[in-house]
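In the part that follows, the structures are each spelled out as structure tokens.
Shared chain: chain A. Partners: chain B in the first complex, chain C in the second.
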Partner chain A sequence: MNSKNIILILLAIALVFPLFAGPYFVNVLTTIFVFLALSLSWDMMLRTGQLSFGTAAFFGLGAYASAITVLKLGWNPLFSIVIGGLFAGLISYILGYAVLKLREIYFSITTLAITSVFSVIIRNMSDLTGGAGGATFKSAIFNGDPTKIYYLLLFLTLVVIGISEWFKRSKIHFAINSIRNDEVTAKSSGIDVFKYLLLVFVITSIIQGVIGAVYAQQYAFVEPESTFSLNFLLLPIAMALVGGIYSTNGPIIGAFILGIISEYLKLIIPYGHLIVYGLIIVIVVLYMPSGIYKTVKGKMLTNNGRRESYDHT
Partner chain B sequence: MSFSIKENKTILFALAFIIIVGFWQPNVLMDGIQRGSMYAVIALPLALVLGILGVLNLAHGEFLTVGLYISYMFYNRFNLDPLLSIIPVSIILLVFGGLIYLLTVKRVIKEGHLNQLLLTFGISMILLEGVKMIWTTRPRNVFTDYAYASASIGEFSFGTYGLIYLLIAVLVLVFLQLFLKKTRLGQATFAVGQNPKGARIVGINVNLVYLFVFSISIAILGIVGGAMLPRTAIFPAVGSPYSLKSFALAAMAGLGNLNGILFAGIILGIGEAIINAIPGYSGWADLVFFGVLIIVILTRAFREAR
Partner chain C sequence: MTTLKTDNIVKKFGGLTAVNKLSFSVDKGEILGIIGPNGAGKTTVINLIAGTLPVSEGKIYFSETDVTNKAPHIRNQMGIARTFQTVRPLKDFTAIENIMVGSLFGQKKDLKAGREYAEEIAQLLNFKNINKPIDELTVLELKKIEIGRALASKPDLLFLDEVMAGLNSEEIWELIEIVRKLQQQEMAICVVEHIMKVVKELTSNVVVLENGQIIAEGPYEEVSADEQVIAAYLGEDY
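Showing the complex of A and B:
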């Protein structure tokens, strides 16, 4: 069975899943899509060699932009999701324009800072945002129908996967790879490094903003504490690291593995279950640069003797 | 020590700013100095690790949290005064920092920034969540009478406890300068900071220097933790904002400029104190450091572009 067939089968399962699964499982899979899209967008930025800690920030920004357009302006929720994405994109453009000239530590630290910056701003602009107490909508999108929300997120996730694959096949991919491997060479072969980095940063921020907007509309609720939660930063990173970075498959596999495990972790460790993701990050960085999934799979295959190790001659 | 004309100008501007604030609102100046020297003494060890090891420790603030909680534990279990607990806490953190270095940071020291940042971010999460698991999220307080002592000069009265940070900052600075100039290990540290490859060639045990610098930097956070406890309500995320603030100060002062950090800290502290003093806008004070960070980044980018 080749990989094309596997993809088609998985897609078919995803399409009919809500027809036979209960609302709990539909909800679990919906949440997995949310984190999958975030994880993939984080990885897309990482492929340029820039480590972003801003996923939760743009997620929250999109959520709030969408909430405000619905609550204060009374716009259509679906349209407000577009606004959420565009607003996150706009802010990321301004921010990227300022800091992407220096990159590396400066970029990482700025993206790490903006989560708290945005949440301070939102806490203090209480007339517009509801302040620290947050704001509740009259009703969730699609009147809270889990199946419709599931299909919306499935659609968005497929779009994100599409963007990620398009990145890999277009000339952007080659530009990005050359930036990561050797920036000086990239510059001297005429690649406008700054332009490509800004483009990728804006696109990934739009993705995070859109997903945040959908999440806000799904739960009909925004609040600084939970909307800018560490979850939306830590989990996507851990997922990409589990599945393997610099690829489309990695974050997808990681999102499914950790998405299911996280449901149990919340029950087993009520205080501080995020420690597991911290441990995952440390272990992967130190011991398994190709990701936990690939490392374990590789070990199992060699143990069964199906794959010979190359240095065993 | 020699300053270029440009640096002199910046310092003159800053001094003028401090004097104007002092005449306008002495409380704000006093609050700013106390707050700022606290930031500075927290930022010093981060700058030291960044300068010598080249590693930006994103778990810096969480190590401070650990220091605060251990100091609280000494107070709670053995009724030990927080200021006295500085001694055992800094020793515990010295060992703890050394262990963390040997187990993790040591392995990424030759790798790129990306792995270093990811690793220390992971460590920060482990420490943060570990603190939550052990002590839960309930805020805790310590009461000591000296923490609320005050003094007055003429009409103007102020809380004196915060001046302890200035004292600690100056002591740590003097100690570090003496150490770097006078002792063999200090000179070796200085050499490694200048050029690790060269230092290795002339026979300096670079790994030992790294271990030493990292452990000492965490131990300094233990000192700060004990000193902070009497005036700080502690909760698991209490130290987290300090990683970013410390980096902002280190970037503002410039790499390797340890004295500049005290100065930068006091400027940042006064900036925050001014915003805090404006009625209705005190919530925005947390953004001052971010403004500073962006300004520093833009000036760097501008200078590099030329």
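Showing the complex of A and C:
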């Protein structure tokens, strides 16, 4: 069975899933999609060599932009999701001129600081944002219908996967991989380093903004503490690390494995499931540093190689 | 036609003047040798002309255009390419992909045309293992990748920064033949080199640097007989 067939089968399962699964499982999968998209967007930025801690910042920004357009302007929630993405993209474009001049730990720390700064600003603009207490919507998007929300997030996740593959198969792959490997070589070979960093930073911020907007509309609620929660940074990073960085498949596999495990652990160990969850991450990172996807793929390749060499003798 | 002309370029690192009022030029189809003892400022000169470092003073003209304030990637797209003294391959790419980076961005080709051009370059360099990962390549192959990536941007001006260092004499001859082929394509080439045999074989003119200044220039035979040059290389006592 080749990979194209596997993708088609998985896609078919994802499309019919809500028809035979109950709302609980539909919800679990919907949450996995949220973190999958964030994880992929974080990985796309990492492919340029920049370790961003700003995932939650643009997630929260998108959530608030969407909330305000619905609450204050009374716009359509679906349209407000577009606004959430565009607003996150615009802010990342402006901030990019400052933060993308920074490298390594300085870039990482600054993006983390941006998250706190956004959260503080939102908290203090209480007229517009509802302040520290947050704001509640009259109703969730699609009146809270889990199936419709599922399909919306499935669609968005597929778009994000598509963007990730476009990165992999176009000149962008060559540009950002070169920048990660050796920026001086990249510059000397005609690559406009800043332009590509800005492009990836803005695209990944738009993704984070859109996902944040959907999340806000799904739960009909925004609040500085939980909307800018570091969960939207740390879980996506853990998923990409467990699945395997610098790839599309790695974060997908990581999101499903960790997403399903965390749900299961919540059921069997309601108190302390996070400890087991953390242990799993530590073990995978220690024993499979290149992630599950590349480790398994590497094993399969060497097994095939051995079989072939046996055939020759 | 003059491909490169520098006009009194100066580079200061704090109190240290690494390059001091340097003026020289290279013509189309010329191979210029840049020699000098360690720390003379040879690599700094390449960095200034390629744009990796900004000049403190002076002007750089490439094909009669002032490129002094242009970004390095723009200069590469205009036709200035360089190799690095210590090879700087892109480790997550295969050999051919490393070369492709030059054609994709230096020449702005699309993926298909970029690969085809890179394969032509690999052939010119007599490079066989084009699909090997970087960590399986020999020293000679890494040097060829370095040259190949520079060539793939189709430069009019090429800097070779000690590409022969660390190679045996058979390998050196192979590279000398390749550089001669490039000269026939009317490229202007600057060779920074410590191996005098290479300088003698390849270059028509030589510039000798010491402490960031030109202490002698002219054909190799003349320069190598110059007392000041011998003193700079071997010390006053010889």
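As a convention for this text, the second predicted complex is superposed on the first by the 266 of 313 C-alpha atoms of A that agree within 3 Å, B and C clash if a C-alpha of one lies under 4 Å from a C-alpha of the other, contacts with A are read in each partner's own complex, and residues count from 1 in each chain.
Convention: a contact is a pair of C-beta atoms (placed from the backbone, for glycine too) under 8 Å apart; a residue touches a chain by one contact, two chains touch by 3 or more.
Since we're looking at a predicted model, the values are computed, not measured.
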item	value
First, second, both or neither for A:I94, with chain B first and chain C second	neither
Superposed model, chain A: greater residue contact from chain B or chain C	B
First, second, both or neither for A:M300, with chain B first and chain C second	neither
First, second, both or neither for A:L10, with chain B first and chain C second	neither
Touching partner for A:I105 - first (chain B), second (chain C), both, neither	first
Which of chain B and chain C A:N124 touches, first, second, both or neither	first
Partner chain in contact with A:K187 - chain B first, chain C second, else both or neither	second
Partner chain(s) touched by A:I269 [first = chain B, second = chain C, both, neither]	first
First (chain B), second (chain C), both or neither touched by A:N177	second
Interface residues, chain C side, partner chain A - complex	50-52, 71-73, 76-77, 81-82, 84, 88-93, 97, 100-102, 104-108, 110-111, 114, 149-150, 153
Contacting residues of chain A [partner chain C, same complex]	170-171, 174-175, 177-178, 180-182, 184-193, 246
Contact footprint of chain A on chain B as seen in their complex	56, 58, 104, 107-108, 113-115, 117-119, 121-126, 128-133, 136-137, 241, 244, 247, 251, 283-284, 286-287, 289-290, 293-294, 297-298, 300-301, 304-305
Residue numbers on chain A that touch chain B, as the complex places them	46, 49, 51, 53, 98-99, 101-102, 104-106, 108-110, 112-114, 116-117, 120-121, 123-124, 230, 234, 237, 241, 269, 271-275, 277-282, 285-286
